[in-house]
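Following are the structures in question.
First subunit A sits with subunit B, and in the next complex the same chain sits with subunit C.
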Partner chain A sequence: MKLKKYLTLTRAGMIESLQFRLGTVVVVVGNLIYLTVVYFLWRSIYDSAGTDVVNGMTFSDTLIYLVLATALFNFMEMYAVWEIGRKIQSGAIVLDLLKPMDYRRYLFWSYSGSFVMNFFTTFLPTFIIVAVVTKGAVPMGINLLYFVISVVMAIIINYSIDFFVGTICLFTESIWGINIMKQVIVLLLSGATVPIAFFPEPLKTIVMYLPFQSIYNAPLTILLDGSPAPGDLFMILGTQLFWCIVTTVISRLFWKVSLRQITVNGG
Partner chain B sequence: MQRKSLRFYLRIYRKILVQDLKSKMSYRADFIISTIGMIFTNIAGFVSFWILFRSFPSINGWTYHEILFLYGFSLVSLTPVQCLFDNNWSLRMYVYSGDFIKYCFRPINLFFYYQSEVFDIKGLGQLAFGLGTIAYSWGKIGLDLTPLMILKMIVFLITASLVMIALQNAAAASCFWIQNSFYLLDLVVRFKDYAKYPVTIFSPVFKFIFTFIMPIAFIAYYPSLVILRPDEVPLLSWLSPLIGCLFFILSYKIWMLGASKYDGTGS
Partner chain C sequence: MVSYNLLSNTYSDNNVLCCLCTENIALQILHQDISLPCKQIHTSSHTESEVTMSHIIEIQNVTKEFKVLNRREGLKGSLRDLFSRDYKIVRAVDNVSMDIDQGEIVGYLGPNGAGKSTTIKMMTGVLEPSSGEILVNGAAPYKNRTRNAQEIGVVFGQRSQLWWALPLVESFKILKDIYQIDDKQYSDMMDLYRSLVDIEPLLHKPVRQMSLGQRTLSDILAAFLHDPKIVFLDEPTIGLDVSMKAKIRTLIHALNKEKNTTVILTTHDMGDVDALCRRIVIIDKGKMLYDNDIAHLKGFFGSYRTLKIRTAGQLSETAGMIEKDLPDFTVSSDDEWISILVDEDKKKVIDVLAGLQSSYDIKDMQLEEISTEEVIKKIYEEGVK
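Presenting the complex of A and B:
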């Protein structure tokens, strides 16, 4: 019974995102253009390098990594910071707080509908195109299963970070600045702009100790490795699980503490 | 409506600007955070460049410093659209809510009045960063520093920025016709990220597309060739000021056409 009320939110979200078909079309077109830019950029980078393998990654590896990172971004990014920030500025957040459901959970589940829709409209097509374009460079095996598990954890980590940053808006009343900072940090340090394999040494080690690489780097590394060593796999998934718990707990606590001291416009 | 002189408009602009800055200053924290966010974005762009060029010394015959020059050029030429035309982002909200009607009743140029209402100061950080990047790479490449060069630079920077302004105007104006114009605007703005790459990396088809259909190559590549490779300047580079003006006028006409069709929400 408990799950049912959450799934209702999922369904509502799915119906809501079906309303914005034009939006989906534009997102798909935008991704196709981005895909071409990334393709040609890295093609010419690899051509200039003269070798096939750079930092342990071939051209198709890099392409798959970056394109799927973008696809993951479109699929996971829920602009929760904007949602929370706007609600705080307008004061409408009061209505959500009065709902008989934990706000953090409510928001997550109302986004879950668009997760499902985005998965089918953007992620899956991109995945198929990439698999075809690179002529089977994506290993299709048990790694797909691990990939799905990893993505689920990535979503949770991403949401927790978003929610944490959204909570900061309670204090600053600045949305744009906070959001752009978060986005820039996450995209750069998670390997979504340049694969982490290319990072120079001290930076690489530091980045691996941060939670951001669990969002994009971890699932993509798992996906690209057709026959992972059990130790490596355990290490990656374990790290993700660790960050899942830590970020969830922190964002939860921060929200609880902050809620006590806010003053809401028109509340 | 009788035509007002340029001086009249400049005076009005100054007055509106001061009011806008005053209201911005009352949200000081937001201003500071936004500025930091902007600096973050620029630093992240720079860092990903730096990481890339550690693994690859040159891309398609373009050295690190030449690409850096392109990057700086694109940053500077994107500043006007950031600073002066930021209100385009709110256009769809005004149109949707019906508040847009207030602009229609002023005895001055509608487009001018609407755009002048918001001045985005945080764009100035980007300007400084871009100028610094240009100066640094200018010295490293060993370009001459003559008054003629500087004049060329200024002329081509201004006209390059007209292209981006035009693209954004047209995308924003689409909200007069379609409901969900945010995606279109977002898509166009994402184009600007590709402006920093030399268009030669693309295959002929995409070179054509990025030159004539989505003219992002005019934001940095073609204009900066005049400075970077003075011996082999293609005709398109010399034409870019003309193209910039043309696009701007065209987008202005589209914007005004949309506004003239606007008949409010009836409330």
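Presenting the complex of A and C:
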């Protein structure tokens, strides 16, 4: 059974993330602090704007969006760049390369367990709290199903980008700068820190043509829209699927070429 | 008797090794003149069928070169390096050939930086040779690393392939699924492990809580779990205490016997070599220095013995005087003994002792056969010259 050898990694990841209970607590506390800052920041933005609706979003729309974006970030972020970079620096990557499995897939499935766990430990509780506190501001319908599909694709895109950037570490042998740059670009252009609705018009257009908005903006748009027009929905999911395929193919190819470089020239 | 002096001819480029006449190989490498007729015998006497006989690993004239940037000194130099295209070629492995049979334990030795790891990485498929051919299990490992990975197991002494946070048994289960080991084989293997080591207390212990010895032991078990044809052990006993070393040697030996697994062992501990390997391969600066039975290795230096004496008075002073008396031999001293490495082809130990006794007051003496460690040390040092 082929799938079994991947699912076993999911299982391992789940057990592994259960070992670090304290880590979960720290993440939750950290988020509370972050969200407090976000709350007061946007409170003052709305207060100084003088109107209730800015760029088509009310204060609570914006806050719900950002809270869920943070929750999504905690659950999707895998720090793959760190991991790949560290393994390259220490040389431990050799052991992973010697598994009878494609490294890119091996790493993805190793993370999959923590996706599952983080979904239940961070995203779901946050989502429920938001839904309860806002009393129905989050629509509960078929959009939840689309949201799940959308998140799966978002994870794949995010992973591909991470893996691509991680591969660059093969050449640079340094991780810090590259990783920070990647993180800032992704978080900003994906709409995770500032909703894309707030972007100036030209930037908004550019951003919509980039893969990053498919990571945070797309699933959140789907989640927060109770009755999307079938055309819009198709557009969002279609774009995601497109980026899914493109980023996967590119990161695969880049890895293959790089690895070939490494086997010829040494690490 | 091939004397030790011949070693200076070691670096001839005749590294053509033969799979069938292993007996001659050492001579062949060591002495160019001998190697020529052997080469001829080679090409003529091996029929096709013999050559394709089951060598699990075949390495033919393999060379591996790396491009390394020439670094300059200082801040200014470093800045210039950013744009430099000034590469030099470093030859990590130079024209190495060897054949390894199923079930052999081969000690792969060499000083630090000799090219051992590079060779192993080529055998595992992580690196591609610059020239020459490597066949592992009949296929080039780098062309299909994933398939090759199914047939090999690897232990690096300083790293663990186990899941850090998980109990050992979970790591085993993951490996079982990754390598697609069927239930029967898995339980047979676990039974075997139980019969060899006291594995129960380890199974439910997270790897991060294990001592280095326990972890290494677990790593070795993990490497053998999918019953690979070849296991590479890279310094498995590094940093371990004496009893753990012994345990690990016994385990490797037993697994090799039981499963007929080929083991390639790199180590700096000659105890490992003496306990496990019949055959050793020595490499330095990328070139092969020796490939033969360990018994032959001692044969080279059979005429060497270490004479240890203790005299009255300051040992180091006396050692200095003895050194003047015996210019042909290496003399060293420590707190307890003066050691003289005597080449019996030149002078019998008895004669040396008699000579010494007439001029020094010898309180005590010991006679030691040369150890593998010393032989290897000599070969390494010769290599440096």
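Note that in this section the second predicted complex is superposed on the first by the 262 of 267 C-alpha atoms of A that agree within 3 Å, B and C clash if a C-alpha of one lies under 4 Å from a C-alpha of the other, contacts with A are read in each partner's own complex, and residues count from 1 in each chain.
The rule we apply is simple: a residue touches a chain if its C-beta (ideal position, glycine included) is under 8 Å from a C-beta of that chain, and two chains touch if they have at least 3 such contacts.
It should be emphasised that the depicted structure is a prediction, and the values quoted were computed from it without experimental measurement.
On the A-aligned overlay, A:Val194 touches which partner chain: subunit B = first, subunit C = second, or both, or neither?
The first partner, subunit B, only.
Touching A:Asp102, do we find subunit B (first), subunit C (second), both, or neither?
The answer is second: A:Asp102 touches subunit C but not subunit B.
Return the chain, subunit B or subunit C, that is in touch with more residues of subunit A.
B
Touching A:Ile15 in the superposition: subunit B (first), subunit C (second), both, neither?
In the superposition, A:Ile15 contacts subunit C only.
Give one of first, second, both or neither to describe whether A:Val94 is in contact with subunit B, with subunit C, with both, or with none.
Second partner only, subunit C.
A:Ala49 in the overlay: touching subunit B, subunit C, both, or neither? Say first, second, both or neither.
A:Ala49 sits against subunit B, while subunit C stays out of touch.
Once the shared chain is lined up, is A:Lys4 touching subunit B (first), subunit C (second), both, or neither of them?
Touch partner of A:Lys4: subunit C, not subunit B.
Across the two complexes, find the residues of subunit A that touch subunit B and also touch subunit C.
Dual-contact residues (subunit A): 20.
If you look only at subunit C, which of its residues touch subunit A in the complex?
Interface residues on the subunit C side: 64, 66-67, 92, 118, 121, 124-128, 130, 142, 145-147, 149-150, 152, 154, 156, 159, 161, 163, 165-166, 170, 173-174, 176-180, 206.
Where on subunit A does subunit B make contact in their complex?
Those in contact with subunit B are residues 20, 22-23, 26-27, 29-30, 33-34, 36-37, 40-41, 43-45, 47-49, 54-55, 172-174, 176-181, 184-185, 187-188, 193-194, 198-200, 203.
Using the touch definition up top, name the residues of subunit B that touch subunit A in the complex.
Per the touch definition, subunit B meets subunit A at residues 27, 29-30, 32-38, 40-41, 44, 47-48, 51-52, 54-61, 122, 178-180, 182-184, 186-187, 190-191, 194, 197, 201-203, 206, 214.
Sort out for me which residues of subunit A touch subunit C in the complex.
4-5, 7-9, 11-12, 15-16, 19-20, 90-92, 94-95, 97-102, 263-266
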